[in-house]
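Just dropping this structure here.
Note that the chains are named A, B, C and D in the order they appear, and that numbering of residues resets to 1 at the start of each chain.
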Amino acid sequence: MTGMIQGGWEFVWAAYGITGVAMGIYIASLWIRWKAEDKSE
Amino acid sequence: MNLQPIIRADGLCRRQGLRWVLVHLNFELQTGESLLLAGGNGAGKSTLLRLLSTLTPPSQGELELFGTSVKVNRRPQRNRIGLLGHTNQLYPELTPSDHLQLWSRLAGMELPKGLLDRVELADRAHDPARTFSAGMCKRLALARLMLLNPDLILLDEPFGQLDAQGVSLMQEAVESWRAQGKTVVLATHLIERGKPLCDRALLLAHGRLKWTGPAAELSASMVAGADS
Amino acid sequence: MTRQRVAAAFALVGLGLLSWGSYLGLWVAPPDRYMGDVQRIMYVHVPTAWLALVVFMLAFVYALLFLIRRTWRWDALHEATLEIGVLYTALLCIQGALWGKPTWGVYWAWDPRLTTVAVMLLSFAGILSLRHFLDDPLRRASWSATATILASANVPVVYYSVRWWNSLHQLQSTPKTVNSAMVEPLRINAFGLLALTIALIMIRSWIAEARRRRDLAPPLPEIEA
Amino acid sequence: MMALLHKEFLLAWRGRARVAASLTFAAATLLMFSFSAGADGRLLQRLAPGFLWLAILLASTLTLQASFDAETQDGALDGLILSASAASIFYAKALTNWLFLAALGFVLLPLIAALFDAQLGALDRLMSVLLLGTAGLAAPGTLYAALAGRSRAAGLMLPLLYFPLVIPALVSSVKASELAFFGDPMNQWGGWMSLLLAFCLIFWSLCGALSTAILEDG
C-alpha cells in the first residue's frame, strides 16, 4: 500500500486524445468513402 | 446411355477477377460426339475447358456433366474427366516414370507397359521433367490421358509446341478415343487441324457463343469475322 | 434512406453517450484510491476492449456464415468488422501502454491481456492486408474468411500460453474498487461505443457492398443468338 | 493418400539440393542470431532454445513456400485436385513438411550444442518437443503456403499470416525446450507439452477442414 499515484494527467489526456482523434479520422474516412461510392452508383 | 447429353450448359457464365469471360452459354453435347472450340485469343476457350473439367465452378447459370450438376458432389464426375490444359500438370523434379507411377497409383490402376514408348519418351524415362522441351512435356501429359482413359477428354491447344511427329501422335490419340466412343472437346485456334477430328464446332468470341454447327462448316473467315 | 437515418441515429446517440460518459469519467468521478487520476483511462480503455472483443467475435461469426452460405452480405459485414476490430485493437494497445507507464513504470509489461491483444492486432491486420492482395472478389472473401476462423480459434490459445509464459511476474491491472460513481461513466461509455460501433459496422459494410456491386456487375444483358 | 505421400517424398528426394540449401539457411540464421546477441557465452547459452526455434521458424517459411511452388509451377495441383480430395492433398503435404521440419530440428541440435555450449540435457524430451513443435508449425504453415502461393506478393503474405498464428506453438516449444535443456525443477514440462498438443490437435483438424476452401477454385 504505497498510496495513491500522483498526477499522470498527461497520460489520461494522451489516451483520450489519441482515441478521439483516431475515431474522428476513421469516421471522416468512412464518410468520404461512402460519399465516393454513393456518387459512382 | 446416349439419350442423356454428357455436357449441358444453361446460361453458363464465368467471371475471372472482375471481368466476365464467359457470358450466357447454352449448348449440349451428346456422349461420343467430339466438339471443336474455336475462337481467337481471349475468346474464353480455356476458361470454358476449366469449367468443363469442374476445376472452376460457374459464376452463374447451370452446368451439367454426365447428367448431374457440377454444384453437387464433383468427385464421381472428376474420375471420368481428363484435362490437358495450357499447363502440363507436371512436377519439374520428377521423371516420366515417376509421373506415370504417381498417376496410376492415384487412380488405383495397374501401370500398363509401353506407355512411354507410345509417346516416344522411353529413352528419357529417368530424366527429370525440367530438362525437357515444351513439346516433350506435352507428350508426357498426353501419356497421362492415355493411361487414365477418361470418358470426357478436354484438350486445350493440343497441337501447340508439338513437332510434326507429336502432332500426328496427338491426332492418332484423338482418333482412337473417338473410335472408343469417348467424348472429346478440343479447343484450338488452328481450326484446320481440329476440324477433321471433330463432329461439331462451337465458335466463341469475347466470351459469347457466336455460332454452332457441324465442324466441317466452320471456316477461317467465320473465326476472323467473329472477333470484330 | 431510412437505413441511413438508423445509422445516423446510432452514431449520434453513441457520440452523445460517449461525450457524457467521458465528461463524467474525466471531471466528476473521484480518483481511484491507488491509481489516482491515471485510473480515468479505464473509462475509455475498458469499453474499447469489450467492443474490440465483440467486433472480432462478430467477424468470426460472419466469416463462418460466409463459408457456409456463400452470400455476399456476410462478406461485406466480415470486411467491416475486420477493419473496425483492427482499429479498436490498435487503440487498445496504445491506451494500454499509456496506462502501463504511470502504473507499472513501463509502457509494455508483457501483460497477458495486452499481449494477446497485440497478437490479435497482428493477425487481423495481416488478414486485412491479405484482402488487398487478392484481386478476385470470391477468392478474397473465402480465403480471408478461412484466415479469420483460424485466427479466432487461436485467440484463447494465445491468451493461455502468454499468461503462463509470463506467470512469474503476473501483474494485476484491474481496479477492484467498485464505486457507483466509477461504474456509471464506464457503463455509459460502453453503451455509447456500442451504438457508435453498430453505426460504423453498418456504414462500412455498405461501402463494401457498394464496391462489390460495382466490381461484380452482372454480365451485360444483351444476348446474341 | 499413400500415393500422395509417396509423391511428396519423391519430390523431396529429387529436390534434395533445395533441402540442403534450407539447412544451410537455418545454420546461417543461427550464426546471425549469435552475432546480434553478442559474445557473452552465458547469455548465448540461455538463449539457445529460442534461437533453435527461430531458426526452424525462419527456415520453415522458405521450405513451406517451396513445397507449393512445385505444385503451381506447371499446374500440377490441377491434376491432383481432379484425382484426389483437397483434404488428402493438404494432409499429405502437411505431413511431409512436418517430417522435414522435425528432421531439420534434429540436425540443428548438435549445431546448437556446439555453438552455444548448451548441454543437450534430456535428449528424449528434446526430441519429443521437436516433433510436437514442428507439427504445430507444419499444419497452419502448409495451409497458408497454399494460400500465399496463389496471391500476389506470396513471399510477404506467408509470414504475415503464419507468424502471428503460430505464436502459441512457438512460446510453448521454446519453453518446453528450455526445460529440457536446463532441467525442470518445477515439473512444468508436461504442461507445456499438453498446450502444444492442444494447439496441434486444433490446427491439424481445423486446417484440414478448411483446406477445401483454399485449394479449390471459388
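Everything that follows uses one rule, which is that a contact is a pair of C-beta atoms (placed from the backbone, for glycine too) under 8 Å apart; a residue touches a chain by one contact, two chains touch by 3 or more.
Just so you know, these numbers come straight off a predicted model, no measurement behind them.
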* Work out, leaving chain C out and holding the others fixed, how the remaining chains group together by touching. => A | B, D
* Structure fact -> So the chain most remote from chain B by C-alpha centre is A
* State the pair with the higher C-beta contact count; candidates are A-C and B-C. => A-C
* With chain centres taken as the means of their Cα atoms, state the distance from chain A to chain D in Å. => 40
* Structure fact -> Rounded to the nearest Å, the gap between Cα centres of chain A and chain C is 13
* Asked: Where the CA atoms of chain A average out and where those of chain B average out, how many Å apart are those spots?
  -> 58
* To do: Give, as an integer number of Å, the spacing between the C-alpha centres of chain C and chain B.
  => 49
* chain A: positions in contact with at least two other chains -> none
* Taking each residue of chain B in turn, which ones touch at least two of the other chains? -> none
* Out of chain C, which residues touch more than one other chain, so two or more? -> 135-136, 138
* Can you name every pair of chains that touch? -> A-C, B-C, B-D, C-D
* Structure fact -> Residue positions on chain A within touch of chain C in the complex are 1, 3-9, 11-12, 14-16, 18-19, 22-23, 26-27, 30, 33-34, 37-38, 40-41
* **Of all residues in chain B, those that touch chain C in their complex** => 13, 15-18, 20, 23-24, 59-60, 208, 210
* To do: Using the touch rule from the top, collect the residues of chain C that touch chain D in their complex.
  => 67, 119, 122-123, 126-127, 129-130, 133-136, 138-139, 141-143, 145-147, 149-151, 153-154, 157-158, 160-162, 164-165
* Give every residue of chain C touching chain B within the complex, in rising order. => 135-138, 215-216, 218-220, 223-224
* Within their complex, state which residues of chain C touch chain A. => 11, 22, 26, 31-38, 40-41, 44-45, 48, 87, 90-91, 94-95, 98-99, 101-103, 196, 200, 203-204, 206-207, 210-211, 213-214
